[in-house]
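Listed below are the structures to be examined.
What follows is a pair of complexes built around subunit A, which joins subunit B in one and subunit C in the other.
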Partner chain A sequence: MTWQLTTLDPRTKLIIVLCLSSLAVFCQNIYLLLLVLLLTLIVVKLTGGELGQLFSKFKKFIKVFLAVIVIQSIFTNEGQVLLQVMQIKLLTDVGLLRGLQTVLRFLIVIAAAVVMTTANSRDIIQGLIQWKVPYELAFMVTIAIRFLPLLQEEATDTLTALQLRGVNLKKIPILKRLRTYSYLLMPLLTSVLIKARDLSVAMEMRAFRAYPQRTSLRELHFARIDYFVIVLSMLLFQLLLWAALVLS
Partner chain B sequence: MSLPIEVKDLSFQYEEGAAKILRHLDLSVAKGEIVGIVGLSGIGKSTLCFCLSGIIPHVYGGIMEGEVLLNGQSSRELSLPTIATTLGLVFQNPDHQLFAFNVEDELAFGPENLCVPRAEIARRIEEVLAIVGMQDYRHANPQQLSGGQRQLIAVAAVLCLQPEILIFDEAMSQIDAEGRAKLKAVMLRLKDQGKTMVMIDHDLDNLQIADRVLVLKEGRLFPYTGSLS
Partner chain C sequence: MISLKDVSFYYKRGKPIFEHLNLEIPSKLITFIVGPNGGGKTTLGKLMAGILKPQSGVVLVDSLNTKTVPLAELGAKVGYLFQEPERQIFAATVRDEIGFVLSLRDKPQGEIATIVDAVLEQFQLTHLAAVSPLKLSRGEKQRLAIAAIMVNQPQFFILDEPTTGLDRERIDILSGVIEDLQQRGIGMAIISHDQSFVRRHAQQVITVAGGEIVDVAAYHP
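Right after this comes the complex of A and B.
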């Protein structure tokens, strides 16, 4: 058995991600949360995710994390004050702890999501269908995954077009800027709605939903490594859950 | 026996007060027949395709009078997916009809909806890819193909459904001469199998294989006599 788990079944990855994110919710203890985060990072690495990209994502959230810690401190009336500006307790030890908890949970969920990006989205859909999720629902997810990037592209295009005409959004006062954005919203929304209509017509013209069932060219099969990984995840999940209960 | 396509006194306008695109149009297509339709830009050829395939009145609002009968059943009473089990439409714009992550999924989508067994789907995919000469692109992303290639894939996706009636809305406009020749040969073979086809094209050369050519003008169809207007 090699330690390259890049070819794991998407359903296995989904199970791992579910385990990790439930642990993020249930664990209170900082050390336990740190351990779960470490485990998540290991899983990301083993399933072929990009750790570097993940860390740069983390960096973007640093301000949010600091804000979370400060907010927790201000609104919890317990613990020792570590930093006070005038009457406002900017940092308390309890606040710091709670803030760190929240931040760690965030990090775990973000990292766990990266595991899913290592699976081909068509395979994820197929996994859902084989788990008896109605195919209409599964296809809605596919279409969303497919078209969100296009939408983003379109929005950037419109913004660029605006800037090319000499509108410098950064220099406009905020109220006016909001109004400019609202001008952009209408054409964007119209084009999205038209695209959505064309797409649903194209799908129905190829007999989508002609029958309550459909067959599938693709079929996923669990390999031995999948069973092994699932059992291992379940065991670790229970162990950590038990630890979380004991330590709380 | 009822005809595959029978249009009776069809009129259509996109909005009340807007121009009538189709006016009292009649058309009958027999089984195994290839009917070619020509017409100037913006005259209503695509609109006619939408009527033949039930997209009008099911999707577009507008005012439709008269009837389109498919194998004797009114298009008003059939849902689009039901129509699609017997009729395949290749849209004019390939961008509006491809949505899968790769060519293989794109081609499998239709037969999967018709509950065709897996092995048969795989066989059909191989067959249609060979027909349009795109075997090397089985795992390519449709969005990254050229316009002509996307059009070929759109045609292949419809062929994969093996419909009895095929409608091509300028399906060859972006395909090169070699591809066109291949496609025409395929159409003739499908005709031998008893399939019914309506093909719309700007280019009369593409309509050589048609049994008869009609001109769309002033909202109606006339036999082609050498001029479009």
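Right after this comes the complex of A and C.
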């Protein structure tokens, strides 16, 4: 058996992601959440995901994470105060703990999502169909996955074009900045509508839903490694769930 | 003048697009960037405009380092026309599209109207002033995008595949716009596959292939 799991069936990856995300919700204990995060990172690495890109994604959320910890501290209103400005408790030990729980859950979900990006979108749709998910629903999911990077690229280009027009968003007062953001919506909405129209025409031309039953040339089959990984995932899931219940 | 000094750039580590690239684009000439698909033409254009930042080396636009100067400031020097003009059209009418940046800068309404009217006339868009940009043809959208950039009075333009999707008549109109810009002392770098368009306007041709500058040649029609 090889430790490189890049060729796993997308359904296996989906099961792993469901297990990890569920654990992120059920676990309260910080150490357990850290363990789940570590497991998630190992799965990302083994399934061929790029840890470097993932960490750079994490970096972008640092301010949000800090804000979450402060907000938890302010609104929890219990525990020992670690930092206080005037009458406002900016940091308490309970707030810090709850903030860290939220941050770790967030990190686990982001990292687990990266596992799904290592699967081919066509295979994901095929996997869902073989799980008896209606084709139309599975197809919509695939389209969303397929078009997200394209929309991201367009949004970046549009923002760049606006800045090249001499608009320095960092120097504009907040109210005017909101007005400026409304200008960004115009090209993005136009592009989405044009793409939706073109795609619907292309689908009609290729006789989408001409017959109620669809057949597939390519079918997915679980390999022995898939069964092994699914059983291992379920066992670990139950073990960690039990640990979460004991420690809570 | 735009200078690239010892520029290296990659989208993905380990797969460089350009390595130790040195290039100077004269400020008053029309320079065409030609070459096969995937050769790095658009990447070069975006590096020149400051949209992409090199991992090493420097790109200087009139001695401004694109790594350190904000895009908004570079936009006053260099205008960039994307291959898809829809991506740089923001407002609900042609008139607003040209004027909204000025209103964000708190220019008086009277002054904005004068500037917008002059630009509309220069680009033969006056009759379309109240029309939604969505209803324009591709050629008109391109003209509108260039007109909107002109409000910033840039000294240099970078146009990415401006003739794509245009018929001969629309290309002639675009040629008129390019000649007009050149008469106003504005230099240009144009990324293009259209050989007849290159022959018509080129004063210098840079051939890019496989991430390398294969040839830089003065062009004499």
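Couple of notes before you dig in:
To be clear about the criterion, the second predicted complex is superposed on the first by the 210 of 248 C-alpha atoms of A that agree within 3 Å, B and C clash if a C-alpha of one lies under 4 Å from a C-alpha of the other, contacts with A are read in each partner's own complex, and residues count from 1 in each chain.
Following the convention adopted for this analysis, a contact is a pair of C-beta atoms (placed from the backbone, for glycine too) under 8 Å apart; a residue touches a chain by one contact, two chains touch by 3 or more.
Quantities reported herein were computed from a predicted structural model and do not represent experimental measurements.
In the superposed pair of complexes, A:Glu154 makes contact with subunit C only, with no contact to subunit B. Of the two partner chains placed by superposition, only subunit C is touched by A:Thr180; subunit B is not. Applying the stated contact rule after C-alpha superposition, one finds that A:Glu78 touches neither subunit B nor subunit C. Of the two partner chains placed by superposition, only subunit B is touched by A:Ser121; subunit C is not. Once the two complexes are overlaid on the shared chain, A:Arg206 sits against subunit B while remaining clear of subunit C. By the touch criterion defined above, A:Arg214 reaches subunit B but does not reach subunit C. Interface of subunit B with subunit A (complex): residues 53, 55, 59, 79-85, 88-89, 91, 96-102, 104-105, 108-118, 121-122, 125, 157-158, 161. Residue ranges of subunit A in contact with subunit C, taken from their complex: 154, 157-158, 160-168, 170-172, 176, 179-180, 183-184, 186-187, 190-191, 194. Looking at the complex, you find that subunit A touches subunit B at residues 120-122, 142-143, 146, 197-199, 201-211, 213-219.
Note for the complex: subunit C touches subunit A at residues 49, 51, 70-76, 78-80, 82, 84, 86-92, 100-101, 104-105, 134, 148-149, 151-152.
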